[in-house]
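As C-alpha cells, here come the structures.
Across the two complexes that follow, subunit A remains constant while its partner is subunit B and subsequently subunit C.
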Partner chain A sequence: MAFEIKSPGLATTVQDQGRKGHYNVGIPQSGSMDQYSAELGNALVGNSAAEAVLECTYLGPVLVTDQDAVIAITGAPVEVKVNGEPAAQWARLRLNAGDELSFGVIRGGTRYYIAVQGGIDVPKVLGSRSTYSLGALGGFKGRKLEAGDRIPVGTPLNGGALPGVDTVPDEFRPVFAKEQTVRIVLGLYDHRLTEEGLDNLLTGEWKVTPVADRMGLRYSGPGVKWKEREQPFGAGSDPSNIVDAGYAVGSIQIPGGTQPIILHRDAVSGGGYAMVATVISADMDLVARAAPATTTRFMAISQGEALLARKELAQRTNDAWAVLGATR
Partner chain B sequence: MSSPATARQEARYTWGGDEFLFVEVSESMSLVANFKVMSMATRLAAAGLEGVEDICPANASLLVRFDPDVLPPSALEESVRSIERDLTHSHDQTLESRIIEVPVWYDDPFTAVVAERFREGFHQEPGGTDIDYAAKVNNLKDAAEFIRRHHEQPWLVSMVGFVAGLPFLFQLVDRDKQLEVPKYLSPRTDTPKLTVGHGGCFGCIYSVRGAGGYQMFGVAAAPIFDPEQTLDDFKDFMVFFRPGDIVKFKPVAEDEYNKIQEQISAGTFRYRQVPVTFELSKALADAEGYNQELMEALNGI
Partner chain C sequence: MATIVSPLPGIFYRKPGPGKEPFANEGDTIEVGQTLGIVEIMKQFTEIQSDVAGVLESFAVSDGDMVNPGDAIIVIREGQS
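Coming up: the complex of A and B.
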C-alpha cells in the first residue's frame, strides 16, 4: 500500500531512530527530532519503536491512502482532519481506502508525526530509513516529500495485532510550552569563556530565533564573552575559533560570542567553533519542540545527573508503552 | 614541523554531555597531533569496546560517541587513557595509507560565478579573485605561484566531516611553508559541489553543494561522495576519503576536465591510487624529500 502525497507541506520527511556509526565521515545521525512523540505514534499503531514515520514541520501534508490504513498523529498540537472532518491526536485512527488526511494550523511546538501500521517502507540506507537531505541520502529519494510522491507503507507486524489501548493518556503526552528549561553539561571548551560569559549563559534569558531547523537552533540573548588569547596555529582568528574538531550532537557553540547554537540531529559533524556545553540526551526532544520565540534557560547539571535523567526518560517511555499495552 | 613533544604531552579529556567523550590532543594543528589522534582512533576501533558507537578522529582531537547504558563513561575514559599511555611508549610511528591523485581545474568558471555573488560584505577583497587574495596574503608573486604551491606537495586527510564525506586537508610541508588564508568574512550560502577550498591552514573539497566559508580556488573533476555508489571507487562505501589518506592534486585544464566528465558518465572513471605506509619520522625529518618518495609510488601504476 502507499500514501499518495497531494500537497507536501513545508518540510515533510521520512525519519526513524536514526543511523549511527558513520559520523566519522560526516554523515549525521538524523532521525525524528522528537523521538518520544514519534515512538508513541508507532506504539499506537502496533509498530516497533524502530519503524519509520513521516515528520511534518509546521505545515503538514495532504495525503490520500490507497488502502485501508491504521494511523496515529502525535507530537506538536495541530488540527487533524480526515476527509475534512476533525479527528483526534495521540489516538489511533482508521482510514478507509481513498480517505484524505490533512492538517490545520499548528498550535505550539514545531513538528508532528504520522505513524502508520507497517511503517513507512522506504529502503534502509546505512541501516536507517531516515532522510539526510543535505547528503541526498535515505528517506524517500533522499529528500523532503513533493506533490505526486507515492510513499510505500510496509506490512503490519505480528499479523496486524494492535495494542489494547487506542489513546495516549494526557499524563504521557509531552508539554509544548513557550518557556523551557534545558539541562546541559558544561565542558568541551567552557574554560575559554570569561566568568561573566559563563554567567550570562547560565543566568540569561534566551529566545529561540527563526533560524532553527533539523541542523540546529540559534538563540538570541545577552551574548557571552570569550577570553582573549593568542590563537593556536590553525585555529582561526576569532577567540571563539578552535582547530576544526568533531561536534557532539547537542553541543552548544557561540560563534563570535553572540548567538548560541544548539546542534541537533542533522547538524554538521565538525567545524571550527568552540563548544561550551552539551544538552543532555534526555532533553534533546525538548529542544526539538521549541518554536521560535520560546524563552529558554540553560541549567547546568553534572554528568551523573544527566545519566539519571536519561534513565528517567527511558522509564517514562517504557511506562507509556506499557499503559497502551504495546510491545516496544 | 612541530616538535614531537606534542605526542608526549597528555591530552585533555572532557565530556559532551552523557553520550560523547572529547579528547583534545593539542590546541594547535600539527602533523604530530593529527598522527596521534589517528593512532588513538585506530587502536580504539581495534579494541572493539561494546557501547562505542562512533569514533571520529579530527585534526587535533578525537570525539567518541558511546551508549552510557552499555559502557559507563568512566570505563570508556579509562580505556582511552590507557590507549594514550601505550602510544606514548610505542615505537610504531607508521600509518597504513594510500596516495591518491585528485584532478583539479584551478581557477575554473563554476566557482568564479558563485564567487561573483558573494563579494561586498563577504570577501576581504571584493574587487579581486579568491586566488589572487590567497597569493597576496601568503606573499607569493601571483595566482600561478599560489596554484603551483597548492598542488606541488601532497596533503594529508586530517579529518572527514562537516558534511558527508568532506575531507579536511593538511599540507605535508614545514610550518613556514604552509599556505594560510582567512575564511570569508561572512559565510556564503552557496558553494559549488567539489569546490577546492581553503580556510586557515586547511584545504578541503566540498562534497556537496551548500553553505561554506572557505576561499574557493578550483573544482575537483570527479566525485568524492556518491550515495548511488555507481563508480568503482564507491563500490564498498559511498564516501571516498578516509582520515589518513594522502592527496596529490593534479592540475587539469578544461579539455582534460571534460574528458574526465565523459569517463564519469560512462562509469569508467577511477582515481589513480596506490597503498603506501606513511612513516611519521621521515615526514618530520625531511618533509619534501619524503613527499617525493610517496609521490613516486603513483608513477608505478
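Coming up: the complex of A and C.
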C-alpha cells in the first residue's frame, strides 16, 4: 500500500520519535517537531507511538491512497478535505482506495501531521525513519516529498485493531495561540550577559520571525547586551562567541546580541555561540507550534521544575492515550 | 471582487527578483493561474497565483511586507476588462 503524492506541499517529511544517540557525532535527533500531536495521530489509527507519520509545514500535500486506509490529521488547525469535502481533524478518518486527501489554509500554528494505520514504512536509518533533510538522511530518500513520490505504508499492528474512541477530546488537544510563554533553564553562558541583557531576555517581548524551520527559530525583540571581555584563544571576536562547544537540544544563542535563536530538532550539535539558556524538553513541542509573529516570553525555571514539567507532560500524554483506549 | 489570500506565512514580494519587473500591476488583465507574487518562508519561494480571471484592482500588502496565512494580498475585479 502507498500514498501517491500529487503535490508535495511546502516541506512535507517523514518523521517519527527521532534518531537519538548520535548527537555526539553531529547527527541531530530529528523527529516530529510537535511530538505530542504526532503521537496522538498514531494513537487514533491504532499505531504504537513509534510509527512514522507525515509532517506537513504550513502548506500540506495533495495525496491519493492506492488502497483503503485509516488515517488521522492532528496538529495545527487546518481544513482537512477528502475528495474536496471537509473532514474532521483530531479524529479517525477512513479513506477508500483512490480517495484524495488535501488541505485548506492553515489557521494557526505551523505543522500538522498525517498518521496512517501501519505507519509510513520507509527504511530505518540509524534506528529511525525520521528525515534529516540537511544531511540527506532517513525518511523518504533523505528529503522532503516531491510530486510523483509513492510513499509506502506499513502493515497494521495487532491485526488492525483500532482504539475504542475515534476523536481526541478538546481538553487533550494543544492550543495554537498567538502568544506563548516558553520555560527555559538558564545556562551555560548566561553569566556572559550584562544584568540589563539578562533582564531583556526574561522580561522582554519577543516575536517569532519568518526565519524559522526544523533547525531553529529566530526571534526579534529588544536584543541583549553581552559583557565585554578579551576573547579567549579560539573564540570569535564578537562577545557572543565562545570557544566551540556542544549545544544541548533547545539551546538559545543570541549571535551579536540581537536575535535569539532556539535550536530545534534538526539543529547542529555544536559551534561557537554562547548558549544563554535551554528550552525545557516539555516545551519543545510548544515552540514547534509557534507561527511567525507569535509573541513569546521566556520564563526561567529551575532544573527541578523542568524535570517536574517533563513528568507532567509524560503523564498528560499517557492520559490522552488512555482516554482513547489506545495502547502506547 | 475576488480576494487572493496567502496560504502561508512569510515575506510577500511583487517581483521575481531584485531589479526585475513586478509580476503584475494595478489595472493589468489577469488570467486564472497567473502568478501575481511570491511569498518567501524557510528559504523557499511559493508563487501566489490567481484563481480567477479579471482585472487587478489593488494590492492589500506592499512589497516586502510580512503576511500570515489567510491574509488578503490582492483584490481582483472579476470578469473581462
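One rule holds in what follows: the second predicted complex is superposed on the first by the 328 of 328 C-alpha atoms of A that agree within 3 Å, B and C clash if a C-alpha of one lies under 4 Å from a C-alpha of the other, contacts with A are read in each partner's own complex, and residues count from 1 in each chain.
By definition in this document, a contact is a pair of C-beta atoms (placed from the backbone, for glycine too) under 8 Å apart; a residue touches a chain by one contact, two chains touch by 3 or more.
The shown structure was predicted, so the numbers you read here are calculated from the model rather than taken from an experiment.
Once the complexes are laid over each other on subunit A, subunit B and subunit C both fit without any clash.
With both structures placed on the common chain, the touch criterion links A:Gly257 to neither subunit B nor subunit C. When both complexes are overlaid on chain A, the residue A:Gly21 reaches subunit B alone and has no touch with subunit C.
Counted by residues of subunit A touched, the larger count belongs to B, out of subunit B and subunit C.
When the two complexes are overlaid on their common chain A, residue A:Pro210 makes contact with subunit C while staying clear of subunit B. Applying the stated contact rule after C-alpha superposition, one finds that A:Thr57 touches subunit C and leaves subunit B untouched.
With both structures placed on the common chain, the touch criterion links A:Gly223 to neither subunit B nor subunit C. In the overlay built on the shared chain, the residue A:Gly154 is in contact with neither subunit B nor subunit C.
Look at A:Gly127: by the touch rule set out above, it reaches neither subunit B nor subunit C.
Once the two complexes are overlaid on the shared chain, A:Val249 sits against subunit B while remaining clear of subunit C.
In the superposed model, A:Ile184 lies in contact with subunit B only, and not with subunit C.
Of all Cα pairs spanning subunit B and subunit C in the superposition, the closest are 10 Å apart. Residue overlap on subunit A between its contacts with subunit B in one complex and with subunit C in the other: absent.
In the complex of the two chains, the subunit A residues touching subunit C come out as 10-11, 57-59, 105-107, 210, 212-213, 291-293. Within the complex, the subunit C residues that touch subunit A are 5, 7-11, 40-44, 46, 66, 68-70.
Residues 2, 14-20, 22, 24, 26-30, 41, 53-63, 65, 68-69, 73, 159-166, 168, 175, 182-183, 199-202, 207-208, 210, 225, 227, 238-239, 241-243 of subunit B are the ones that touch subunit A when the two sit in their complex. Subunit A contributes residues 20-27, 125, 132, 134-137, 142, 184-185, 187-188, 232-237, 242-251, 268-272, 275, 278-281, 303, 306-307, 310, 314 to its touches with subunit B in the complex.
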